[in-house]
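Several structures are given next for inspection.
Next come two complexes built around chain A: one with chain B, the other with chain C.
== the complex of A and B ==
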């Protein structure tokens, strides 16, 4: 009930007052937490982590219908338990924590980049590029968002996109962001070519096997292999398995799938072990044993 | 540095050859027609089999980094859905995916005369993956509420009769991440909805166990998958984006294979020289 009250959608003045109230409550809670001794802070984190983990574990594990009224006439079978109704509001808490973490990330980046920029230390140009990109994209993005707030038709959206702010946004998004993102990813191709030239050597039986496998899978996935190299081999004959796509399919569907299943099983066992350690606050290391 | 395998000159020559292999096919007038694999064909048939009273959900989870693969996949799928008049909804748990999807859909809507709101809708970017997917099983309009422009979904004809997971004919996750696992676990599995995936090529091997188990009905394997899908929609010699781009990738693969062979010849020669001395 209380969670539903907190997470209900609000607009206008009510929304503003809620945001203001949340900020004040957040500041007061943080100030109060700051005065706690380190041992108490640690136990508080341990308790919160345990309760949050327990909620999701129970919600997933408890069978449908647990502590729920029986379905009425004409209703389908019950698919939820008594905790399921809280999954959505509890999820909002996760989102809020994530949003605060993004804010902290921006503050941290600004702190790290402001010192070199103010003192013209080596690499200050990078910091200048960071602040320019952050501020320009933020201002233009928010401005465009404000213009789009009342848009309900395609024609209105087109008008916004063709305005000065819309054009500037397109320049920043299509002209810079998209191309830079694609370029950085595409640089991988150069590393792969360089690596293929150096790494795929017939040094041992295992390396040879790997190279032959890579050859077949590579050729089986591109038209030049499937259409030209073995494209002349007809289907439906005993020797059709020699078609490069069939050999590639066999490699992917048999040895690869067995290995992938083993990997998935192993990874999930590891995930369970690590999750248990974090949930029960047994994890040790850089982020878990620092003085709070 | 000496002009051996690891020299700067060798590296620059390799990079130049690669750039040429990628760029030259764009100027050539021919394309290498793809041979359609069974995963792409299965996804094509899954889209074809969606009845008119159901909607296809196209979940776009990519950013600018993987548009080289994920955008042609998105375009190929949208071309098919618009050509065959299937209703579809764009959404994404990554903020950029629905933005890229909207642009492609707007471009193709003119080509196929499929207006927004009647044949397709953009539900926009959503947060909280698990909660959204669980809520969508029970109530799609109640979970999405409005489209990306803030128009109530009840005002859009494309949403007529779409209430819950039973009204979804197929989900296709276009993704460079493992988010398809969440779709399988929290929506496709519990809701009994068929699912396809269009991953980047590097992720393809991870997905075969789910194809084998039937949890995923079909897949587009990176850019090659997009090209294969386009050849199903338009014919083998079509000069669509995926088929054209795949010609460049084919050239690159030929170059890589040639370089592997050359690297081994040089290695064997060097080994023999060392043994002789």
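== the complex of A and C ==
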């Protein structure tokens, strides 16, 4: 009931007042929490962590249909339990925290970059580029968003995108930002060469084995291996396994897959153990105890 | 929504029981042995080298949000920061997720305070760079070059930028230690870093570094859970091989346990 009231859609003045009220309540609660003694804070954190963990654990573990009305005639089988409907609204909490945190992140960036710029320290040009990029993208992005608010048809949206602000936004995003990202990604091509050179130097028996394996897998994925090198070997004979693509598939699907699964089993057990420690607030030893 | 099948529920309950039992055993004072993990032992070596050179340390907690992997990475960051505070060495922590930024700041601040050196903590050394993958990667590479870092730690979840970070660190001659549960990125860290902590060793890091009984117990419980899981797999394979996959026993077990 209360959750439905909180998540009900609102518009106009009602939305503004609701947001303002929520911010004021949030600030008051935070101020009240700040005055609590450390011991009370600790128990509050422990209780919140336990309740939140319990909610997701029960939602996942309880079988579909638990405490749910039976399906009506013509309806399919029930796929959720009574907690499933709250997963999305509870997930909003994470989104709200992220939204608040992005503000903190921008403040941090501004603080780190303002000192070099104001005092002309070495590298002040980088800080200038940051502030220029931040302000220009913010102004253009918000301006475009404001124009798009009144759009109701596809033609109007097209007109906004082809306006000066729309073109400027595309220039900044598609013309600059995407290309810069692509440039950094392209560095991988060069780094893979230098990393492979170091990895495949024949320094030990293991390195030699790895180089031979990598060579087979590589040949099994390029035409020079599949078509020319062993392309003449016919399929369906006892010696067909000598085709590089078959050897490559076997390496990837048998020993490689076995090793990958072993690693994943270990990782998942680690995740369960750490999750359990966090959920039950046992992860408070050396690093978490003193400060709470 | 996805819900646990009976198999998953039984296995998770079993794993949780074993881990909690071992934690309680460890709390009662039982001696537990864990093997040496060279990558984790190398953390102190890397901090020592940075201290000798008088240069900062860079610690990247990866690209994931505020999840189990990142929390584990931040626990390791706390250890690195405490050691660095002890030897008066700077630690720079660039973060990608804005929700991780305040947590990382608190963890590092508390680590300096725990060593009795709160004045050494510089909030500007915890930097939110960008929530975009390659913008973050180029930002980290920029910090490595400008600050001339002597040691790089890459702990957390990484994607394609792992090789960019590792190779950029190699080029500046930094000693590098990496640990990630991202199995697809492990080869890149192995070839570009001096030490790599493989997969589950990542989750053993806090137990290994702190030697806290609760964490050690959890680690041993985790290993016993793996043994139990392996026994299940072997029994399943043997039953399926001996009786045949279409036998009534296997069919009934599959139907009861919800497996495929």
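By definition in this document, the second predicted complex is superposed on the first by the 253 of 292 C-alpha atoms of A that agree within 3 Å, B and C clash if a C-alpha of one lies under 4 Å from a C-alpha of the other, contacts with A are read in each partner's own complex, and residues count from 1 in each chain.
Just so it is clear, contacts are C-beta pairs under 8 Å (C-beta built on N, C-alpha and C of every residue); 3 or more make two chains touch, one makes a residue touch a chain.
Worth saying up front: this structure is predicted, and the values here are computed from it rather than measured.
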Output check: A:43 vs chain B and chain C. Expected answer is one of first, second, both, neither. What do you get? neither
Partner chain in contact with A:256 - chain B first, chain C second, else both or neither: first
Between chain B and chain C, whom does A:120 touch in the aligned arrangement: first, second, both, or neither? neither
After the superposition on A, what does A:111 contact: first (chain B), second (chain C), both or neither? second
Applying the touch criterion given at the start, work out whether A:151 contacts chain B, chain C, both or neither, answering first, second, both or neither. first
First (chain B), second (chain C), both or neither: which does A:196 touch? both
In the superposed arrangement, which partner chain does A:92 touch: chain B (first), chain C (second), both, or neither? first
Thinking of the overlay built on chain A, is A:184 touched by chain B (first), by chain C (second), by both, or by neither? both
In the overlay, answer first, second, both or neither for which of chain B and chain C A:61 touches. second
Chain A positions touched by chain B in one structure and by chain C in the second: 79, 84, 87, 94, 180-181, 184-185, 192, 194, 196, 198, 260, 264
Touch list for chain C against partner chain A, complex: 1-4, 9, 12, 15-16, 19-20, 23, 65, 68-69, 71-72, 75, 78-79, 97-99, 101-102, 106-107, 110-111, 113-114, 123-124, 126-129, 131-135, 137-138, 142, 146, 160, 163-164, 166-167, 181, 183, 186, 188, 190-192, 198-200, 202-204, 206, 210, 212, 214-215, 218-219, 221-223, 225-226, 229
Residues on chain A engaged by chain B in the complex (per definition of touch): 79, 84, 87-88, 91-92, 94-95, 148-149, 151-152, 154, 157, 173, 177-182, 184-186, 189-190, 192-194, 196-198, 200-202, 211, 215, 218-219, 221-228, 231, 245, 249, 252-253, 256-257, 260-261, 264
Contact footprint of chain C on chain A as seen in their complex: 59-64, 79-81, 84, 87, 94, 97-98, 101-102, 104-106, 108-109, 111-112, 115, 123, 126, 180-181, 184-185, 187-188, 191-192, 194-196, 198-199, 260, 263-267, 269-278, 282-283, 285-288, 290-291
Along chain B, where are the residues that touch chain A in the complex? 5-6, 10-11, 14-15, 17-18, 22, 32-35, 37-38, 63-68, 99, 116, 127-128, 130-131, 134-135, 149-151, 190, 201, 204-206, 208-209, 212, 221-222, 224, 227, 246-247, 249-257, 259-260, 262-264, 267-268
